[in-house]
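Just so it is clear, A, B and C label the chains in written order, and each chain counts residues from 1 on its own.
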Amino acid sequence: MSTNIWVWIAALLSLCIFSYLYKDNPAFRFAEHLFTGLSVGYLIVLYWNNYALPYIITPLADKRWITLIPMLIGMMYLFRFVPKLNHLILIPIAISLGFWNGMSIPLTIEADVLKQVQGTMINTSMLSNIWHPQNGLAVGLMVLVGVISTISYFYFSREHKGVLRFSSNIGIWFVMIGFGATFGYTVMARVSLLIARMQFLFTDWIHLIK
Amino acid sequence: MKRQIPLMLVLVLGILFFVQFFVPSQLSMEIYQMALQWSIVIGAFAIVLAIGSLVNHHTLKIKRRKEHFWNSYVTLFALFAMAFLGIFGRIESLSFMSAWFRKLFLYVQAPMDSAMFAILAFYMASAAYRAFRARSKEAMLLLISGFIIMLGVVPFGAYLWGRIPDIAEWIMMVPNMAAKRGILFGVGLGMTATSLKIILGIERNWLGGGGK
Amino acid sequence: MRRMLTGLILLGTATVLLSAPPGTDRAAGPEPVPLNPPCGVQAFDKPNDAGQAITIQWQASPDEASGLVEGYEVFRAESPEAPESLWVRVGYVPYGFTSYEDQDVPRNGVDYYYLVRSKNQTQSAASGFSNPARSSEQWFNTMRINALVGSILFVIIVVYFISMAKRGQHLFVRRIAGLTAVEEAVGRATEMGRPILYVPGLSSITDVATIAALNILGQVAKKTAEYDTPLLVPNRDPVVFTVAQEIVKEAYSEIGRPDAYNHDSVFYLTDSQMGYASGVDGIMSREKPATNFFMGMFWAESLILAETGAATGAIQIAGTDAVHQLPFFITACDYTLIGEELYAASAYLSREPMLLGTLKGQDWSKAVIYLLLLLGVGLSFLSPGIREFILNLLTVG
């Protein structure tokens, strides 16, 4: 058994969290509330050190007065507490939305459309190796069929009947096989996380495993 | 007027940063960098509201003596203690505080974080069971493909039948890839349309009241 | 044990040194063979950038093949006649590389000359000078012309259908099971006298999925206001929290029930991913919501949330574009909006013609993608040149 009090605290809190698997109980409730409090406290420190100090306080100390503009805009969030000026909260929100949405349009077209169309194209190595299980022409064409049928599942402005029903059904098969693959892959990764936690409990805490 | 200014801001900034994406010039880069820094400064103030909300939420629970209200004391105490130790621990003469801050993070917060992550493995099992119970064709496809992949990545799979790792790889490379790509096309169009709706002021939920 | 290991390493090192071929033992070589320099040095402005960058390319030294060259040093000067002291070393690349990007060019619009030295531990050999090159900034990134065309085409299609919708044309939208269930789910909570939990994802406002989730929240909040059902919206991101609060408050006003709005129903939980998951787990166990909505961006916590919710017997409707989390929502939730369905939800629920118009625009854009895919693949069979051309056309930068 470990003689380090902190290891004991860590182990007991881990058990408090695990206890939720049985059902909600006072131990879990304590750990959950402690977790919330500590993590938000940590967030405050993180914001203070990584954002407030370098982006607000240091520039102001260096008399870079331009920082006052975003500061004033940010302060508009605080008008939430002033009923008459409550609507000013929309200004910083609008700035965030305008900035990110403007950039998002071409970025998304690049990453989710053009790159994906390019990835579905036939290349020369596929033609020279028709039956290769990963990079052959047959595989390329099968991916094309999968992509086209999956897209058809997301067709909204027509009832899924006839050809559209047929292709969207094939699409959903592809989707489900794909999801199964992700599921299986992630299961293996998560099991390794559990093993790591068990190792801590049995090695560092009760020294059952040496 | 109250809503016109935010709408104009979204439109102007939306168009500005759409154009900025295509302009690699010095000025354009500087504008982008400045916008990034500004958004950090602006966002930093939102945390005041967030913390205000959390404190208010728990104070109300205590005031109203809601069930399990004593847990709220734990949250409030932990929040202020952690913030106090972290911020004042920067002062040299109070470095013992930063040592406590680190200990609380390493031995209290981090283990709970890892434990929650570890719980996932148990939930995986119950999710698989749920998939098995759902007797639809689609759920079966999901389960079978998931099972093959799981077998494919462990030596036991190859021990059962030598071709299992190949089949697993084929599933990853063909149906999985095709489905993800098909979904991504839709997601891409959906995202672009949502951004466009926000910029053009067609989607005004964020303004509240449908922008009226 | 540690000693044994050190001994083994020392022994190994000695063996390698002793058995090294004579050519590689540079210190011992009595007469070093003169090193050949690289040749054909060319310099040109780096395209599509903010300026102050020049690309230098050269042909490898013939000695590279025999392993004599360790790398290349790149030098810059304002004049080819500049004395050696005025040649600034701007960079080094190991052998195998035949180009370098000088990112620190002092001024745009000024001619600079470059030379490249092949180098090993004992020797170096300088190439001839490059052509004069001057850096400049560009005002349009030509590598992104395809994204510009794509974006403009998409905007045109969508705006066209919005204008059609404005003119009152009826736009059909197929049934989406997960969204049709929203009304039923809110009704069920009302009947049971239990709250509705709405998780607007764990990402920030920079994620469009979060914006979509907030739009759906607006529609759900209107229904909870109508039925007077309690709503719980825990948040992870401070900015998302402020927007969510605004949206819910206004949804209640719009329905004409501002008095029913509870300021504490939209609240901030924590920024920690697993802290948030444990907090929401707690809410699900204690408040026993009849309906759980999980909309927006999720990571590993998706399964924790959905499984806990399923165990409490709540009706669960999830929607995300996170492809890796979708399988878990599908297995543990009653309804799941897959990818684009999340973005279609706001239009579907509100039935607002302009929003439905964008949905129609999205569908037509899919037709354009079909065309691109089929035409691209079809033409690719014709000749390698066409294949190359198509792939280049789609390359993003």
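Here, contacts are C-beta pairs under 8 Å (C-beta built on N, C-alpha and C of every residue); 3 or more make two chains touch, one makes a residue touch a chain.
Everything numeric here is computed off the predicted structure, so don't read it as measured data.
Interchain contacts join each chain to each other chain, per the touch definition above.
For the pairs A-B and A-C, the larger set of C-beta contacts lies at A-B.
One inter-chain figure worth recording: chain B and chain C are separated by 14 Å, centre to centre, where each centre is the mean of the chain's CA atoms.
The distance from the centre of chain A to the centre of chain B, each centre being the mean of the chain's C-alpha atoms, comes to 4 Å. Remark: chain A and chain C have CA centroids separated by 12 Å (rounded to whole angstrom). The set of chain A residues touching two or more other chains comprises 17, 20, 29, 31-32, 35-36, 38-40, 42-43, 77, 80, 90, 93, 96-97, 100-101, 104-106, 108-109, 111, 113, 120, 144, 147-148, 151, 154, 175, 179-180, 182-183, 186, 190.
Residue positions 144, 147-148, 151, 154-155, 208, 211, 239, 242-243, 245-246, 269-270, 272, 274-275, 278, 286, 300, 323, 326-328, 330-331, 338-340, 344, 359, 362, 366, 369 of chain C each touch two or more of the other chains. Multi-chain contact residues of chain B (touching two or more other chains): 18, 21-22, 43, 46-47, 49, 51, 54, 68, 109, 112-113, 116-117, 119-120, 124, 127-128, 131, 139, 142, 146, 180, 183-187, 189, 191-192, 194-196, 198, 206-207. Note for the complex: chain C touches chain A at residues 144, 146-148, 150-151, 154-155, 171-174, 176, 205-206, 208, 211, 239, 242-243, 245-246, 269-272, 274-275, 278-279, 281-282, 285-286, 300, 323-324, 326-328, 330-331, 338-341, 344, 359-360, 362-363, 366, 369-370, 372-374, 376-377, 380-381, 384, 387, 390-391, 394-396.
Those residues of chain B that touch chain A in the complex are listed here as 2-3, 5-7, 9-18, 20-22, 35, 37-49, 51, 54, 68, 71-72, 74-84, 86-87, 90, 101, 103-122, 124, 127-128, 131, 138-139, 141-150, 152-154, 166, 168-189, 191-192, 194-196, 198-199, 206-207. By the touch criterion given at the top, residues 18, 21-26, 28-29, 43, 46-47, 49-51, 53-54, 56-57, 60, 67-68, 109, 112-113, 116-117, 119-120, 123-124, 126-128, 130-131, 134, 139, 142, 146, 180, 183-187, 189-198, 200, 202-203, 205-210, 212 of chain B touch chain C in their complex. In the complex of the two chains, the chain C residues touching chain B come out as 48-51, 137-141, 144, 147-148, 151, 154-155, 158-159, 162, 208-209, 211-212, 214-215, 217-219, 235, 238-239, 241-243, 245-247, 249-251, 253-254, 264, 266-270, 272-275, 277-278, 286, 300, 303-304, 306-307, 310-311, 321, 323, 326-328, 330-332, 338-340, 342-344, 346, 354-355, 358-359, 361-362, 365-366, 369.
On chain A, the positions that touch chain B within their shared complex are 6-7, 9-11, 13-14, 16-18, 20-21, 29-45, 47-49, 51-52, 55-56, 67, 69-71, 73-78, 80, 87, 90-109, 111-113, 116, 119-120, 133-134, 139, 142-151, 153-154, 171-188, 190-191, 193-194, 196-198, 200.
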